[in-house]
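Should a chain be cited, it is by its letter among A, B, C and D, assigned in written order, with residues numbered from 1 in that chain.
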Amino acid sequence: MSLTAAEVQALIREWVPMAEDIDLKVDSIAPGAATIRIPFNDRNLRPGGSISGPTIMAAGDTAMFAAILGRLGKVAMAVTSNLNINFMQRPAQKDLIAEASILKMGRRIAFCEVGIRSAGSEELVAHVTGSYALPPEK
Amino acid sequence: MSLTAAEVQALIREWVPMAEDIDLKVDSIAPGAATIRIPFNDRNLRPGGSISGPTIMAAGDTAMFAAILGRLGKVAMAVTSNLNINFMQRPAQKDLIAEASILKMGRRIAFCEVGIRSAGSEELVAHVTGSYALPPEK
Amino acid sequence: MSLTAAEVQALIREWVPMAEDIDLKVDSIAPGAATIRIPFNDRNLRPGGSISGPTIMAAGDTAMFAAILGRLGKVAMAVTSNLNINFMQRPAQKDLIAEASILKMGRRIAFCEVGIRSAGSEELVAHVTGSYALPPEK
Amino acid sequence: MSLTAAEVQALIREWVPMAEDIDLKVDSIAPGAATIRIPFNDRNLRPGGSISGPTIMAAGDTAMFAAILGRLGKVAMAVTSNLNINFMQRPAQKDLIAEASILKMGRRIAFCEVGIRSAGSEELVAHVTGSYALPPEK
(Lines give C-alpha, C1' and ligand atoms only; values in the text may rest on other atoms or scores of the structure.)
Protein backbone atom coordinates (compact mmCIF):
# COMPACT_ATOMS: atom_id res chain seq x y z
CA MET A 1 0.00 0.00 0.00
CA SER A 2 1.43 3.34 -0.94
CA LEU A 3 0.46 6.67 0.59
CA THR A 4 -0.17 10.18 -0.69
CA ALA A 5 1.92 13.21 0.24
CA ALA A 6 -0.81 14.41 2.59
CA GLU A 7 -1.03 11.03 4.32
CA VAL A 8 2.74 10.83 4.72
CA GLN A 9 2.85 14.36 6.13
CA ALA A 10 0.16 13.53 8.69
CA LEU A 11 1.97 10.35 9.77
CA ILE A 12 5.37 12.00 10.15
CA ARG A 13 3.90 14.89 12.13
CA GLU A 14 2.14 12.40 14.38
CA TRP A 15 5.21 10.20 14.87
CA VAL A 16 8.09 12.69 14.93
CA PRO A 17 7.31 15.62 17.22
CA MET A 18 10.25 17.61 15.92
CA ALA A 19 8.64 17.51 12.47
CA GLU A 20 5.76 19.43 13.97
CA ASP A 21 8.14 21.92 15.61
CA ILE A 22 9.74 22.74 12.26
CA ASP A 23 6.39 22.76 10.43
CA LEU A 24 7.43 20.05 7.97
CA LYS A 25 5.47 19.81 4.71
CA VAL A 26 5.57 16.83 2.37
CA ASP A 27 5.47 18.44 -1.08
CA SER A 28 5.37 15.27 -3.16
CA ILE A 29 5.75 11.51 -3.14
CA ALA A 30 6.92 9.71 -6.26
CA PRO A 31 7.96 6.10 -6.76
CA GLY A 32 11.07 5.70 -4.63
CA ALA A 33 11.29 9.40 -3.85
CA ALA A 34 9.88 12.19 -1.68
CA THR A 35 10.28 15.93 -1.48
CA ILE A 36 9.74 17.76 1.77
CA ARG A 37 9.86 21.44 2.66
CA ILE A 38 10.80 23.20 5.89
CA PRO A 39 9.17 26.61 5.70
CA PHE A 40 11.52 29.44 6.51
CA ASN A 41 11.14 30.54 10.11
CA ASP A 42 13.66 32.76 11.79
CA ARG A 43 13.20 30.66 14.92
CA ASN A 44 15.42 28.04 13.25
CA LEU A 45 18.25 30.48 12.61
CA ARG A 46 21.69 30.33 14.13
CA PRO A 47 23.94 33.33 14.68
CA GLY A 48 25.09 34.60 11.31
CA GLY A 49 21.71 33.75 9.84
CA SER A 50 22.34 30.09 9.10
CA ILE A 51 19.58 27.53 9.64
CA SER A 52 20.73 25.38 12.55
CA GLY A 53 22.31 21.98 12.00
CA PRO A 54 19.67 19.95 13.89
CA THR A 55 16.93 21.49 11.72
CA ILE A 56 18.78 20.48 8.56
CA MET A 57 19.41 16.98 9.91
CA ALA A 58 15.75 16.63 10.84
CA ALA A 59 14.88 17.60 7.26
CA GLY A 60 17.21 14.92 5.90
CA ASP A 61 15.96 12.21 8.25
CA THR A 62 12.27 12.91 7.73
CA ALA A 63 12.72 13.14 3.94
CA MET A 64 14.11 9.59 3.99
CA PHE A 65 11.25 8.49 6.18
CA ALA A 66 8.76 10.12 3.77
CA ALA A 67 10.25 8.25 0.80
CA ILE A 68 10.02 4.95 2.71
CA LEU A 69 6.47 5.56 3.89
CA GLY A 70 5.51 6.54 0.35
CA ARG A 71 6.81 3.21 -0.86
CA LEU A 72 5.91 0.82 1.92
CA GLY A 73 2.83 2.36 3.47
CA LYS A 74 2.20 2.80 7.16
CA VAL A 75 5.37 1.30 8.69
CA ALA A 76 5.62 3.20 11.93
CA MET A 77 8.36 0.95 13.16
CA ALA A 78 10.91 1.77 10.49
CA VAL A 79 13.75 3.47 12.36
CA THR A 80 16.93 5.21 11.28
CA SER A 81 19.92 2.93 11.53
CA ASN A 82 22.74 5.13 10.16
CA LEU A 83 22.75 8.71 8.94
CA ASN A 84 25.68 10.61 7.47
CA ILE A 85 25.43 14.27 6.57
CA ASN A 86 27.81 16.69 4.90
CA PHE A 87 27.06 20.38 5.30
CA MET A 88 28.24 22.14 2.16
CA GLN A 89 27.23 25.75 2.41
CA ARG A 90 25.14 28.11 4.46
CA PRO A 91 21.48 27.94 3.46
CA ALA A 92 19.69 31.04 2.31
CA GLN A 93 16.98 32.54 4.51
CA LYS A 94 14.36 30.70 2.49
CA ASP A 95 12.41 27.47 2.70
CA LEU A 96 14.59 24.38 2.84
CA ILE A 97 13.78 21.69 0.25
CA ALA A 98 14.93 18.09 0.87
CA GLU A 99 14.64 15.58 -1.97
CA ALA A 100 15.08 11.97 -0.89
CA SER A 101 15.48 9.00 -3.16
CA ILE A 102 15.67 5.34 -2.25
CA LEU A 103 19.00 3.88 -3.34
CA LYS A 104 18.09 0.32 -2.43
CA MET A 105 15.03 -1.14 -0.81
CA GLY A 106 16.08 -4.40 0.80
CA ARG A 107 13.97 -6.73 2.84
CA ARG A 108 15.29 -5.57 6.20
CA ILE A 109 17.02 -2.31 5.36
CA ALA A 110 16.39 0.64 3.05
CA PHE A 111 19.19 2.94 1.87
CA CYS A 112 18.40 6.51 0.84
CA GLU A 113 20.12 9.68 -0.18
CA VAL A 114 18.87 13.23 0.24
CA GLY A 115 19.89 16.47 -1.41
CA ILE A 116 19.00 19.54 0.64
CA ARG A 117 18.80 22.94 -1.04
CA SER A 118 17.39 26.40 -0.42
CA ALA A 119 14.15 26.94 -2.35
CA GLY A 120 14.88 28.18 -5.85
CA SER A 121 18.57 27.19 -5.76
CA GLU A 122 20.32 24.30 -7.48
CA GLU A 123 23.28 24.33 -5.12
CA LEU A 124 23.39 21.77 -2.34
CA VAL A 125 23.22 23.07 1.21
CA ALA A 126 23.74 19.57 2.60
CA HIS A 127 23.74 15.97 1.45
CA VAL A 128 22.59 12.99 3.48
CA THR A 129 22.92 9.25 3.06
CA GLY A 130 21.32 6.90 5.47
CA SER A 131 19.71 3.60 6.18
CA TYR A 132 16.46 2.64 7.85
CA ALA A 133 15.89 -0.69 9.56
CA LEU A 134 12.56 -2.07 8.39
CA PRO A 135 10.14 -4.01 10.56
CA PRO A 136 9.72 -7.70 9.73
CA GLU A 137 7.00 -8.26 7.16
CA LYS A 138 3.79 -9.59 8.51
CA MET B 1 38.82 31.60 27.23
CA SER B 2 36.92 28.60 28.46
CA LEU B 3 33.31 28.59 29.59
CA THR B 4 31.35 26.98 32.41
CA ALA B 5 28.56 24.45 31.87
CA ALA B 6 25.95 27.12 32.66
CA GLU B 7 27.48 29.54 30.15
CA VAL B 8 27.66 26.88 27.45
CA GLN B 9 24.04 25.89 28.09
CA ALA B 10 22.90 29.50 27.78
CA LEU B 11 24.80 29.99 24.51
CA ILE B 12 23.53 26.80 22.90
CA ARG B 13 19.94 27.56 23.88
CA GLU B 14 20.34 31.04 22.42
CA TRP B 15 21.96 29.85 19.20
CA VAL B 16 20.18 26.56 18.46
CA PRO B 17 16.41 26.92 18.84
CA MET B 18 15.91 23.18 18.72
CA ALA B 19 18.04 22.89 21.87
CA GLU B 20 15.40 24.99 23.60
CA ASP B 21 12.61 22.77 22.20
CA ILE B 22 14.19 19.65 23.68
CA ASP B 23 15.09 21.41 26.97
CA LEU B 24 18.80 20.69 26.62
CA LYS B 25 20.88 20.82 29.78
CA VAL B 26 24.67 21.00 29.88
CA ASP B 27 25.59 18.79 32.83
CA SER B 28 29.34 19.33 32.78
CA ILE B 29 32.26 20.69 30.82
CA ALA B 30 35.70 19.16 31.25
CA PRO B 31 38.89 19.69 29.28
CA GLY B 32 38.09 18.42 25.79
CA ALA B 33 34.74 16.99 26.84
CA ALA B 34 31.14 17.85 27.62
CA THR B 35 28.12 15.99 28.95
CA ILE B 36 24.63 17.07 28.06
CA ARG B 37 21.23 15.77 29.09
CA ILE B 38 17.91 15.74 27.25
CA PRO B 39 15.25 15.41 29.96
CA PHE B 40 12.71 12.72 29.24
CA ASN B 41 9.58 14.16 27.70
CA ASP B 42 6.99 11.99 26.08
CA ARG B 43 6.62 14.66 23.42
CA ASN B 44 9.86 13.36 21.90
CA LEU B 45 8.55 9.79 21.63
CA ARG B 46 7.98 7.89 18.42
CA PRO B 47 5.48 5.06 18.03
CA GLY B 48 6.69 2.10 20.03
CA GLY B 49 8.02 4.42 22.71
CA SER B 50 11.36 5.22 21.11
CA ILE B 51 12.81 8.73 21.33
CA SER B 52 12.75 10.10 17.79
CA GLY B 53 15.86 10.14 15.60
CA PRO B 54 16.03 13.92 15.16
CA THR B 55 16.01 14.38 18.95
CA ILE B 56 18.91 11.96 19.33
CA MET B 57 20.82 13.62 16.48
CA ALA B 58 20.24 17.03 18.03
CA ALA B 59 21.67 15.66 21.28
CA GLY B 60 24.77 14.42 19.46
CA ASP B 61 25.32 17.63 17.53
CA THR B 62 24.84 19.95 20.49
CA ALA B 63 27.07 17.78 22.71
CA MET B 64 29.89 18.26 20.19
CA PHE B 65 29.16 21.97 20.11
CA ALA B 66 29.24 22.09 23.92
CA ALA B 67 32.66 20.42 24.03
CA ILE B 68 34.00 22.90 21.46
CA LEU B 69 32.52 25.92 23.22
CA GLY B 70 33.92 24.63 26.50
CA ARG B 71 37.36 24.53 24.94
CA LEU B 72 37.41 27.54 22.66
CA GLY B 73 35.02 29.96 24.30
CA LYS B 74 32.30 31.91 22.59
CA VAL B 75 32.75 30.81 18.94
CA ALA B 76 29.23 31.24 17.59
CA MET B 77 30.42 30.69 14.08
CA ALA B 78 31.66 27.13 14.54
CA VAL B 79 29.35 25.03 12.35
CA THR B 80 28.92 21.32 11.84
CA SER B 81 30.74 20.10 8.75
CA ASN B 82 30.08 16.34 8.86
CA LEU B 83 28.09 14.20 11.26
CA ASN B 84 27.74 10.43 11.21
CA ILE B 85 25.44 8.62 13.62
CA ASN B 86 24.78 4.95 14.26
CA PHE B 87 21.61 4.09 16.15
CA MET B 88 22.29 0.97 18.20
CA GLN B 89 19.26 0.29 20.31
CA ARG B 90 16.02 1.80 21.38
CA PRO B 91 16.51 4.27 24.24
CA ALA B 92 14.69 3.78 27.51
CA GLN B 93 11.96 6.22 28.47
CA LYS B 94 14.46 8.15 30.57
CA ASP B 95 16.71 11.17 30.19
CA LEU B 96 19.17 10.89 27.35
CA ILE B 97 22.82 11.53 28.26
CA ALA B 98 25.30 12.50 25.53
CA GLU B 99 29.00 12.53 26.36
CA ALA B 100 31.16 14.27 23.76
CA SER B 101 34.92 14.24 23.59
CA ILE B 102 37.21 16.09 21.25
CA LEU B 103 39.26 13.66 19.19
CA LYS B 104 41.39 16.33 17.56
CA MET B 105 41.29 20.09 17.78
CA GLY B 106 42.87 21.41 14.62
CA ARG B 107 43.26 25.02 13.58
CA ARG B 108 40.34 25.01 11.15
CA ILE B 109 38.47 21.85 12.09
CA ALA B 110 37.58 20.01 15.29
CA PHE B 111 36.73 16.28 15.34
CA CYS B 112 34.56 14.87 18.11
CA GLU B 113 32.84 11.68 19.12
CA VAL B 114 29.75 11.29 21.25
CA GLY B 115 28.35 8.32 23.13
CA ILE B 116 24.62 8.61 23.79
CA ARG B 117 23.01 6.51 26.52
CA SER B 118 19.85 6.36 28.57
CA ALA B 119 20.40 7.76 32.07
CA GLY B 120 21.68 5.07 34.37
CA SER B 121 22.64 2.69 31.57
CA GLU B 122 26.09 1.81 30.25
CA GLU B 123 24.79 0.56 26.91
CA LEU B 124 25.06 2.87 23.93
CA VAL B 125 21.81 4.05 22.36
CA ALA B 126 23.70 5.80 19.58
CA HIS B 127 27.21 6.86 18.67
CA VAL B 128 28.17 9.98 16.75
CA THR B 129 31.36 11.16 15.12
CA GLY B 130 31.55 14.53 13.51
CA SER B 131 33.56 17.56 12.58
CA TYR B 132 33.03 21.25 13.13
CA ALA B 133 34.50 23.93 10.88
CA LEU B 134 36.06 26.58 13.09
CA PRO B 135 36.03 30.28 12.36
CA PRO B 136 39.38 31.85 11.46
CA GLU B 137 41.21 33.05 14.53
CA LYS B 138 41.17 36.75 15.08
CA MET C 1 43.69 22.37 -16.87
CA SER C 2 41.63 19.22 -17.20
CA LEU C 3 43.03 15.76 -17.85
CA THR C 4 42.05 12.80 -20.02
CA ALA C 5 41.04 9.41 -18.66
CA ALA C 6 44.42 7.97 -19.62
CA GLU C 7 46.26 10.78 -17.85
CA VAL C 8 44.14 10.42 -14.72
CA GLN C 9 44.71 6.65 -14.70
CA ALA C 10 48.47 7.11 -14.95
CA LEU C 11 48.50 9.66 -12.10
CA ILE C 12 46.38 7.57 -9.76
CA ARG C 13 48.46 4.47 -10.39
CA GLU C 14 51.61 6.46 -9.71
CA TRP C 15 50.24 8.08 -6.54
CA VAL C 16 48.13 5.34 -4.97
CA PRO C 17 49.99 2.03 -4.93
CA MET C 18 46.86 0.10 -4.05
CA ALA C 19 45.32 1.29 -7.33
CA GLU C 20 48.08 -0.58 -9.08
CA ASP C 21 47.47 -3.69 -6.93
CA ILE C 22 43.81 -3.79 -7.96
CA ASP C 23 44.61 -2.94 -11.61
CA LEU C 24 42.42 0.19 -11.60
CA LYS C 25 41.27 1.49 -14.99
CA VAL C 26 39.81 4.94 -15.58
CA ASP C 27 37.09 4.33 -18.15
CA SER C 28 35.97 7.90 -18.67
CA ILE C 29 36.20 11.45 -17.39
CA ALA C 30 33.32 13.86 -17.94
CA PRO C 31 32.69 17.32 -16.51
CA GLY C 32 32.33 16.76 -12.78
CA ALA C 33 32.33 12.99 -13.10
CA ALA C 34 34.55 9.94 -13.57
CA THR C 35 33.98 6.24 -14.14
CA ILE C 36 36.55 3.71 -13.05
CA ARG C 37 36.70 -0.06 -13.37
CA ILE C 38 38.30 -2.69 -11.15
CA PRO C 39 38.79 -5.73 -13.40
CA PHE C 40 37.53 -8.95 -11.86
CA ASN C 41 40.35 -10.88 -10.26
CA ASP C 42 39.71 -13.76 -7.93
CA ARG C 43 42.61 -12.49 -5.82
CA ASN C 44 40.23 -9.81 -4.50
CA LEU C 45 37.63 -12.35 -3.37
CA ARG C 46 36.56 -13.01 0.18
CA PRO C 47 35.14 -16.31 1.43
CA GLY C 48 31.72 -16.79 -0.09
CA GLY C 49 32.91 -15.18 -3.32
CA SER C 50 32.41 -11.55 -2.34
CA ILE C 51 34.90 -8.90 -3.41
CA SER C 52 36.60 -7.73 -0.22
CA GLY C 53 35.57 -4.51 1.52
CA PRO C 54 38.94 -2.76 1.20
CA THR C 55 38.91 -3.33 -2.57
CA ILE C 56 35.46 -1.76 -2.85
CA MET C 57 36.49 1.16 -0.63
CA ALA C 58 39.61 1.70 -2.73
CA ALA C 59 37.37 1.80 -5.81
CA GLY C 60 35.17 4.44 -4.17
CA ASP C 61 38.06 6.58 -3.00
CA THR C 62 39.97 6.50 -6.26
CA ALA C 63 36.81 7.21 -8.27
CA MET C 64 36.35 10.43 -6.27
CA PHE C 65 40.01 11.25 -6.82
CA ALA C 66 39.61 10.63 -10.57
CA ALA C 67 36.65 13.02 -10.77
CA ILE C 68 38.62 15.70 -8.92
CA LEU C 69 41.75 15.24 -11.04
CA GLY C 70 39.59 15.34 -14.16
CA ARG C 71 38.23 18.68 -13.05
CA LEU C 72 41.20 20.35 -11.44
CA GLY C 73 44.17 18.83 -13.20
CA LYS C 74 47.31 17.52 -11.56
CA VAL C 75 46.57 18.19 -7.86
CA ALA C 76 48.63 15.48 -6.18
CA MET C 77 48.04 17.00 -2.80
CA ALA C 78 44.27 16.62 -2.72
CA VAL C 79 43.64 14.15 0.11
CA THR C 80 40.56 12.39 1.40
CA SER C 81 39.08 14.15 4.39
CA ASN C 82 35.97 12.04 5.10
CA LEU C 83 34.59 8.93 3.44
CA ASN C 84 31.37 7.14 4.26
CA ILE C 85 30.40 3.89 2.57
CA ASN C 86 27.32 1.72 2.72
CA PHE C 87 27.63 -1.82 1.45
CA MET C 88 24.30 -2.86 -0.03
CA GLN C 89 24.72 -6.25 -1.58
CA ARG C 90 27.31 -8.79 -2.51
CA PRO C 91 28.97 -7.92 -5.83
CA ALA C 92 28.90 -10.39 -8.70
CA GLN C 93 32.12 -12.06 -9.77
CA LYS C 94 32.52 -9.44 -12.48
CA ASP C 95 34.33 -6.15 -13.00
CA LEU C 96 33.39 -3.50 -10.47
CA ILE C 97 32.30 -0.15 -11.95
CA ALA C 98 32.47 2.99 -9.78
CA GLU C 99 30.83 6.17 -11.06
CA ALA C 100 31.79 9.30 -9.13
CA SER C 101 30.20 12.69 -9.43
CA ILE C 102 31.17 15.93 -7.80
CA LEU C 103 28.39 17.22 -5.57
CA LYS C 104 30.09 20.50 -4.79
CA MET C 105 33.49 21.85 -5.71
CA GLY C 106 34.40 24.41 -3.09
CA ARG C 107 37.59 26.36 -2.85
CA ARG C 108 39.11 24.23 -0.10
CA ILE C 109 36.96 21.11 -0.16
CA ALA C 110 35.28 18.96 -2.80
CA PHE C 111 32.29 16.73 -2.02
CA CYS C 112 31.60 13.68 -4.17
CA GLU C 113 29.33 10.68 -4.32
CA VAL C 114 30.03 7.33 -5.93
CA GLY C 115 27.73 4.54 -7.03
CA ILE C 116 29.49 1.16 -7.24
CA ARG C 117 27.94 -1.63 -9.30
CA SER C 118 28.89 -4.93 -10.87
CA ALA C 119 29.49 -4.56 -14.62
CA GLY C 120 26.22 -4.94 -16.49
CA SER C 121 24.03 -4.46 -13.43
CA GLU C 122 21.96 -1.46 -12.40
CA GLU C 123 21.79 -2.46 -8.74
CA LEU C 124 24.11 -0.72 -6.32
CA VAL C 125 26.73 -2.86 -4.61
CA ALA C 126 27.87 0.06 -2.49
CA HIS C 127 27.44 3.80 -2.25
CA VAL C 128 30.07 6.27 -1.11
CA THR C 129 29.99 9.91 -0.15
CA GLY C 130 33.14 11.74 0.73
CA SER C 131 35.11 14.92 0.81
CA TYR C 132 38.59 15.80 -0.38
CA ALA C 133 40.65 18.61 1.11
CA LEU C 134 42.09 20.63 -1.75
CA PRO C 135 45.54 22.21 -1.75
CA PRO C 136 45.63 26.00 -1.61
CA GLU C 137 45.55 27.51 -5.07
CA LYS C 138 48.80 28.83 -6.36
CA MET D 1 35.10 -19.72 20.67
CA SER D 2 37.61 -16.92 20.76
CA LEU D 3 40.81 -16.79 18.74
CA THR D 4 44.39 -15.72 19.38
CA ALA D 5 46.11 -12.81 17.62
CA ALA D 6 48.06 -15.25 15.44
CA GLU D 7 44.91 -17.12 14.44
CA VAL D 8 43.08 -13.90 13.64
CA GLN D 9 46.03 -12.67 11.56
CA ALA D 10 46.11 -15.90 9.57
CA LEU D 11 42.36 -15.76 8.89
CA ILE D 12 42.36 -12.13 7.79
CA ARG D 13 45.32 -12.67 5.48
CA GLU D 14 43.56 -15.68 3.98
CA TRP D 15 40.23 -13.89 3.56
CA VAL D 16 41.23 -10.33 2.65
CA PRO D 17 43.90 -10.31 -0.04
CA MET D 18 44.61 -6.63 0.48
CA ALA D 19 45.63 -7.45 4.07
CA GLU D 20 48.38 -9.57 2.59
CA ASP D 21 49.41 -6.76 0.21
CA ILE D 22 49.89 -4.34 3.10
CA ASP D 23 51.55 -7.00 5.30
CA LEU D 24 48.97 -6.67 8.07
CA LYS D 25 49.98 -7.87 11.55
CA VAL D 26 47.57 -8.53 14.40
CA ASP D 27 49.48 -7.30 17.46
CA SER D 28 46.93 -8.24 20.09
CA ILE D 29 43.41 -9.39 20.77
CA ALA D 30 41.68 -8.45 24.01
CA PRO D 31 38.04 -8.83 25.08
CA GLY D 32 36.12 -6.61 22.69
CA ALA D 33 39.25 -5.12 21.17
CA ALA D 34 42.07 -5.70 18.71
CA THR D 35 45.25 -3.90 17.74
CA ILE D 36 46.73 -4.29 14.27
CA ARG D 37 49.85 -2.91 12.69
CA ILE D 38 50.63 -2.00 9.08
CA PRO D 39 54.42 -2.07 8.82
CA PHE D 40 55.87 1.02 7.18
CA ASN D 41 56.56 0.41 3.51
CA ASP D 42 57.29 3.22 1.12
CA ARG D 43 55.20 1.38 -1.45
CA ASN D 44 52.11 2.65 0.42
CA LEU D 45 53.19 6.29 0.19
CA ARG D 46 51.40 9.01 -1.70
CA PRO D 47 53.07 12.13 -3.09
CA GLY D 48 54.18 14.32 -0.22
CA GLY D 49 55.03 11.23 1.85
CA SER D 50 51.55 10.46 3.15
CA ILE D 51 50.35 6.88 3.49
CA SER D 52 47.56 6.50 0.93
CA GLY D 53 43.90 6.67 1.94
CA PRO D 54 42.99 3.13 0.82
CA THR D 55 45.79 1.70 2.97
CA ILE D 56 44.49 3.58 6.02
CA MET D 57 40.91 2.50 5.29
CA ALA D 58 42.03 -1.11 4.92
CA ALA D 59 43.73 -0.81 8.32
CA GLY D 60 40.50 0.48 9.86
CA ASP D 61 38.30 -2.16 8.27
CA THR D 62 40.55 -5.10 9.11
CA ALA D 63 41.04 -3.87 12.68
CA MET D 64 37.25 -4.01 13.16
CA PHE D 65 37.21 -7.46 11.59
CA ALA D 66 40.00 -8.58 13.93
CA ALA D 67 38.07 -7.42 17.00
CA ILE D 68 34.98 -9.28 15.81
CA LEU D 69 36.87 -12.47 14.98
CA GLY D 70 38.61 -12.26 18.36
CA ARG D 71 35.22 -12.16 20.02
CA LEU D 72 33.10 -14.47 17.90
CA GLY D 73 35.59 -16.92 16.46
CA LYS D 74 35.82 -18.03 12.87
CA VAL D 75 32.93 -16.06 11.28
CA ALA D 76 34.12 -15.69 7.70
CA MET D 77 30.79 -14.41 6.59
CA ALA D 78 30.78 -11.26 8.74
CA VAL D 79 30.89 -8.41 6.23
CA THR D 80 31.22 -4.66 6.55
CA SER D 81 27.89 -2.91 6.38
CA ASN D 82 28.84 0.75 6.92
CA LEU D 83 32.21 2.42 7.42
CA ASN D 84 32.85 6.08 8.11
CA ILE D 85 36.37 7.48 8.31
CA ASN D 86 37.73 10.90 9.17
CA PHE D 87 41.31 11.62 8.15
CA MET D 88 42.79 13.99 10.72
CA GLN D 89 46.42 14.45 9.89
CA ARG D 90 49.16 13.12 7.71
CA PRO D 91 50.68 9.95 9.18
CA ALA D 92 54.38 9.80 9.93
CA GLN D 93 56.57 7.52 7.83
CA LYS D 94 56.28 4.84 10.48
CA ASP D 95 54.17 1.78 11.16
CA LEU D 96 50.48 2.49 11.35
CA ILE D 97 48.72 1.19 14.49
CA ALA D 98 44.94 0.66 14.43
CA GLU D 99 43.15 -0.03 17.71
CA ALA D 100 39.60 -1.28 17.31
CA SER D 101 37.03 -1.66 20.04
CA ILE D 102 33.56 -3.10 19.87
CA LEU D 103 30.97 -0.47 20.78
CA LYS D 104 28.03 -2.87 20.70
CA MET D 105 27.81 -6.53 19.78
CA GLY D 106 24.26 -7.18 18.68
CA ARG D 107 22.81 -10.39 17.44
CA ARG D 108 22.87 -9.40 13.79
CA ILE D 109 25.17 -6.40 13.74
CA ALA D 110 28.37 -5.36 15.50
CA PHE D 111 29.41 -1.69 15.86
CA CYS D 112 33.07 -0.79 16.28
CA GLU D 113 35.33 2.21 16.42
CA VAL D 114 38.98 2.40 15.50
CA GLY D 115 41.67 4.92 16.36
CA ILE D 116 44.56 4.92 13.88
CA ARG D 117 47.90 6.43 14.87
CA SER D 118 51.51 6.42 13.77
CA ALA D 119 53.61 4.10 15.94
CA GLY D 120 54.85 5.94 19.02
CA SER D 121 52.41 8.82 18.66
CA GLU D 122 49.28 9.60 20.68
CA GLU D 123 47.75 11.81 18.00
CA LEU D 124 45.06 10.35 15.79
CA VAL D 125 45.84 10.02 12.09
CA ALA D 126 42.33 8.84 11.36
CA HIS D 127 39.24 7.63 13.18
CA VAL D 128 36.79 5.02 11.92
CA THR D 129 33.36 3.93 13.02
CA GLY D 130 31.61 1.09 11.31
CA SER D 131 29.25 -1.80 11.47
CA TYR D 132 29.55 -5.43 10.44
CA ALA D 133 26.59 -7.59 9.49
CA LEU D 134 26.89 -10.89 11.32
CA PRO D 135 25.91 -14.25 9.89
CA PRO D 136 22.86 -15.91 11.45
CA GLU D 137 23.83 -18.10 14.36
CA LYS D 138 23.81 -21.78 13.68
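Here is the rule we go by: a residue touches a chain if its C-beta (ideal position, glycine included) is under 8 Å from a C-beta of that chain, and two chains touch if they have at least 3 such contacts.
Source: prediction; values computed, not measured.
When chain centres are set by their Cα atoms, the one at the greatest distance from subunit A is D. Interface comparison, B-D versus B-C: the pair with the greater number of contacting C-beta pairs is B-D.
For this pair, subunit C with subunit D, the centres built from the Cα atoms lie 21 Å apart.
Separating the CA-averaged centres of subunit B and subunit D is a span of 28 Å.
One finds 33 Å separating the Cα centroids of subunit B and subunit C. Residues of subunit A in contact with two or more other chains: 82, 84, 86, 131.
Every residue of subunit C that touches subunit B in the complex is listed here, in rising order: 82, 84, 131. Within the complex, the subunit D residues that touch subunit B are 82, 84, 86, 88-89, 103-104, 106, 111, 113, 123-124, 127, 129, 131. Interface residues of subunit A, counted against subunit B in their complex, comprise 15-19, 21-22, 43-48, 50, 52-55, 57-58, 61-62, 76-77, 79-87, 90.
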